[in-house]
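The letters A, B, C and D name the chains in turn, as written, and every chain counts its residues from 1.
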Amino acid sequence: MEDVVIRTLEKVELRRPVLVEGLPGVGNVGKLAADYLKEQLPAKPLATIFSKFFPPQVYVNEEGIVRLVSNDLGYWRSPKANGRDLLVLGGDYQGISPEGQYEITERLLEYCAALGVTEVFTLAGFAQGKIVETPRVLGAATSPARVEAMKKHGVVFSRNDPGGGLIGASGLFLGLGRLFQMEGVCLMGETSGYFVDPRSAEAVLKVLVRALDLDIDFTALEAKAQEIDRIAHKVQESEARGGEVPGSGPAPSRDDLGYIG
Amino acid sequence: MEDVVIRTLEKVELRRPVLVEGLPGVGNVGKLAADYLKEQLPAKPLATIFSKFFPPQVYVNEEGIVRLVSNDLGYWRSPKANGRDLLVLGGDYQGISPEGQYEITERLLEYCAALGVTEVFTLAGFAQGKIVETPRVLGAATSPARVEAMKKHGVVFSRNDPGGGLIGASGLFLGLGRLFQMEGVCLMGETSGYFVDPRSAEAVLKVLVRALDLDIDFTALEAKAQEIDRIAHKVQESEARGGEVPGSGPAPSRDDLGYIG
Amino acid sequence: MEDVVIRTLEKVELRRPVLVEGLPGVGNVGKLAADYLKEQLPAKPLATIFSKFFPPQVYVNEEGIVRLVSNDLGYWRSPKANGRDLLVLGGDYQGISPEGQYEITERLLEYCAALGVTEVFTLAGFAQGKIVETPRVLGAATSPARVEAMKKHGVVFSRNDPGGGLIGASGLFLGLGRLFQMEGVCLMGETSGYFVDPRSAEAVLKVLVRALDLDIDFTALEAKAQEIDRIAHKVQESEARGGEVPGSGPAPSRDDLGYIG
Amino acid sequence: MEDVVIRTLEKVELRRPVLVEGLPGVGNVGKLAADYLKEQLPAKPLATIFSKFFPPQVYVNEEGIVRLVSNDLGYWRSPKANGRDLLVLGGDYQGISPEGQYEITERLLEYCAALGVTEVFTLAGFAQGKIVETPRVLGAATSPARVEAMKKHGVVFSRNDPGGGLIGASGLFLGLGRLFQMEGVCLMGETSGYFVDPRSAEAVLKVLVRALDLDIDFTALEAKAQEIDRIAHKVQESEARGGEVPGSGPAPSRDDLGYIG
């Protein structure tokens, strides 16, 4: 078995495609954003990625059907005359070992390079360790020109954040991407780090939409964000009052905010 | 050395063979079921599997003879005119790393595909965290048709179980099996998860026997199940009474339920 | 770099050579025995083995000279007309991962098979968890004939020991050796498991010497064993008296028994 | 992807080059020394080394630009008629697994051998577990001649230090270097092991400068060392007085000594 198996589902020609990556991570911000983007564009399935660097696991859906854990690449054709097409990478896991991270990222970059990708946006969360009401979007990029361009879309480039650099797929797609002559930007939505954060995903996606001149409806994501906001506030209130929520049945617990999205 | 070494002991031609997998895991349910099936059919040795992804270990039998840890594949020829032959996979260990799980499963699937296997049954335990008097058999499958077929044999497909999916060989043989155009079913016997569970293995095997129209004598497995039931009840009683079993010598301890089978 | 590098120092032709393995492990029994055997025969250096499955480490000797950690193979020519030559394998470490254990053992077996080895003796300690005054030598073997032969030399084949089998090089050389058509015996000296045990190494080596009809002087090993006995007894006495050894200066501590040999 | 990728930035011919290695480790002594040496010579960039055995990480600089973690090799041409050129190896990480350490070191040695390297100096810290006012430089070497030569430069070869040998790149470059017919010396600066130690790096570098007859200005490194000395003493005083530093604002904390350099 190859270490990383990429099964192409459809053979496509794309116009100057841009790769958008959003895999599970802090607050699941990147994954939420990429999944929502795929759904709204909508993106069509292009390839499924299996790897022995993912956990040896299948998921079982509500009908009892199994599915091997994977990453998946979707594509979207811009309707504009000179538009750029998109590739969107999402999935169940990042590689579970350092070597696995490198191998998977490298194989995917090679695959995307063959499709003509020269530009990458990676989406991620940035843990602040406290509730963030209005998440900023922090950035990192492969060139000063891209830093400047992103600043115009409201992205914050901070001297100190992220201090220790970026660990995982969102950093690696940029770092290894340089070896494939790709340029790119990492967009990091501020998040508490305590639960899945559609509010932060929305902030990240709004920057991406401006940067790539896309047209996305945010209604469903906003609804999800408000639902999480509501639960989070109840938990905070409940904790402030010592755990009881008078006259309203049991208070929601932190479990309702769990990493399920 | 190859990562996975499959030593063929006999060259065989099989008729539309079905693979049955049962390796060590929760409650040793899958292994107990597969070992009992092999014994009762009986299955003949077909191949021995060694791998550097197993522990670097030999077992020593009562006569002092060593044997390298392995998996083993047996075969059985159906006596019926249009019957399907069986391959039964058992063994000492699953691969001890995620990569090892993938490598071993992939090599075995490739080997079985070459023998004509297009259908797989994987046998496993499902830990409920409490004593289960009458274990149900939960299922997961590769297609809606198989889900429906299994429901007719009493298999339960639950919306919530298994919530996090299946980890290990029983899931992987189905998930990776799809890449080899194999269809399959996982049968999971409910079990406490605290000790080896022949009762659960019996429940799983009874479903398998119905699904594959086999004729198996359950006397010995039932006896083993009753023995474990008896010990388990004594332990429960003893614990309820604070540890003493008046007038009957020392109470059996949890050790008597150990993972020895 | 190859995973396992075997540097041949001298090209030799050997007469029906027997491989004796003794690497670090429980009580360092196997290593003590193999090192002493090499010294007394004496064996000449045949090959040095380096591997990325050993720790990334060099030792520094008293003169300040570094040496990469390794295993090493020595050879000895029997002076007898029809005698069998010996290969003795010792070293600093066993492979530090399960895969490494398999890779190193397999490469060494392949190398030894090319030199004509068809028989292996592996030397090890067997931890009893308590001080053993007169260590027995337990055995495991690849065939009933070898079990019987070893019983004649006083080796004990116990139904229950070793219960869980043998883990590590001493088991693997026998288990994997079968794939190279080699037969073999593992000799395990009983030991406490708490400190290095030349007494147990002596017991093991005395069996080996009888089995291979060698002529070895045990004076130096016996002296080492008596020294350790003396310290061990003082520690025991000191502990029995609550730690003080009246009128005799500070009691020796368990540190004096440390894994230094 | 190759396990270790060496990107050559400039093709050079060097005169009998000596390799100097200084990677992160105890007290960051080796890295501080190698980085300072590169800066002062100054060395020019020769090659960048990426590897899947490094963490899957990018660093982000103050301008927001990402850089994949790496090692890097610089070169310096001696201005003297018969001088020897230098190669200096530094970087962000050592390999993070034992196998990775071996693979990276072996590939770099192979690369350097092709450039004509036959001699290696490795720079490291030696943890003493207590503050060392005037760090000695301990040594280890590949030959008695080199031990004698280093003693003349004030290097201490101690019977007992380093007792357990050297673990990591500084040992491995010497140990594996022998397989490439390279001779070498490891210079270890005594250090507490509690914080980064430019004082120890200075001691190591002064020996190297004498051994290689280089001309280096130590002003900046001495300033850095004095700054760390000053902070370390304040922390010690503060701790002695129970944490308060009267009349002088908050005392510096151990954090000011952190592994940042």
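We take it that contacts are C-beta pairs under 8 Å (C-beta built on N, C-alpha and C of every residue); 3 or more make two chains touch, one makes a residue touch a chain.
Keep in mind it's a predicted model, so treat the numbers as computed, not measured.
**Student:** Going by the contact rule set out at the top, which chains touch both subunit A and subunit D?
**Tutor:** Where subunit A and subunit D might share a partner, there is none at all.
**Student:** Roughly how big is the turn, in degrees to the nearest 5, that lines up subunit B with subunit C by CA atoms?
**Tutor:** Fitting subunit B to subunit C on C-alpha positions yields an angle of 90 degrees.
**Student:** Please tell me whether the contact surfaces of subunit C and subunit D are same or different in residue numbering, using the over-half criterion.
**Tutor:** different
**Student:** Using only Cα atoms to place each chain's centre, name the chain farthest from subunit B.
**Tutor:** D
**Student:** Indicate the whole-number Å distance between the mean C-alpha point of subunit A and the mean C-alpha point of subunit B.
**Tutor:** Measuring from centre to centre gives 38 Å for this pair.
**Student:** Indicate the whole-number Å distance between the mean C-alpha point of subunit B and the mean C-alpha point of subunit D.
**Tutor:** Using C-alpha averages as centres, the distance is 54 Å.
**Student:** Give the residues of subunit A touching no fewer than two other chains, as numbers and ranges.
**Tutor:** None at all.
**Student:** What pairs of chains are touching here?
**Tutor:** A-B, A-D, B-C, C-D
**Student:** Using the touch rule from the top, collect the residues of subunit B that touch subunit A in their complex.
**Tutor:** 95, 98-99, 101-103, 105-107, 139-144, 147, 157, 159, 162, 165-169, 171-172, 174-176, 178-179, 186
**Student:** Please name which positions on subunit D make contact with subunit A in the complex.
**Tutor:** 1, 5, 7, 50-60, 62-69, 96
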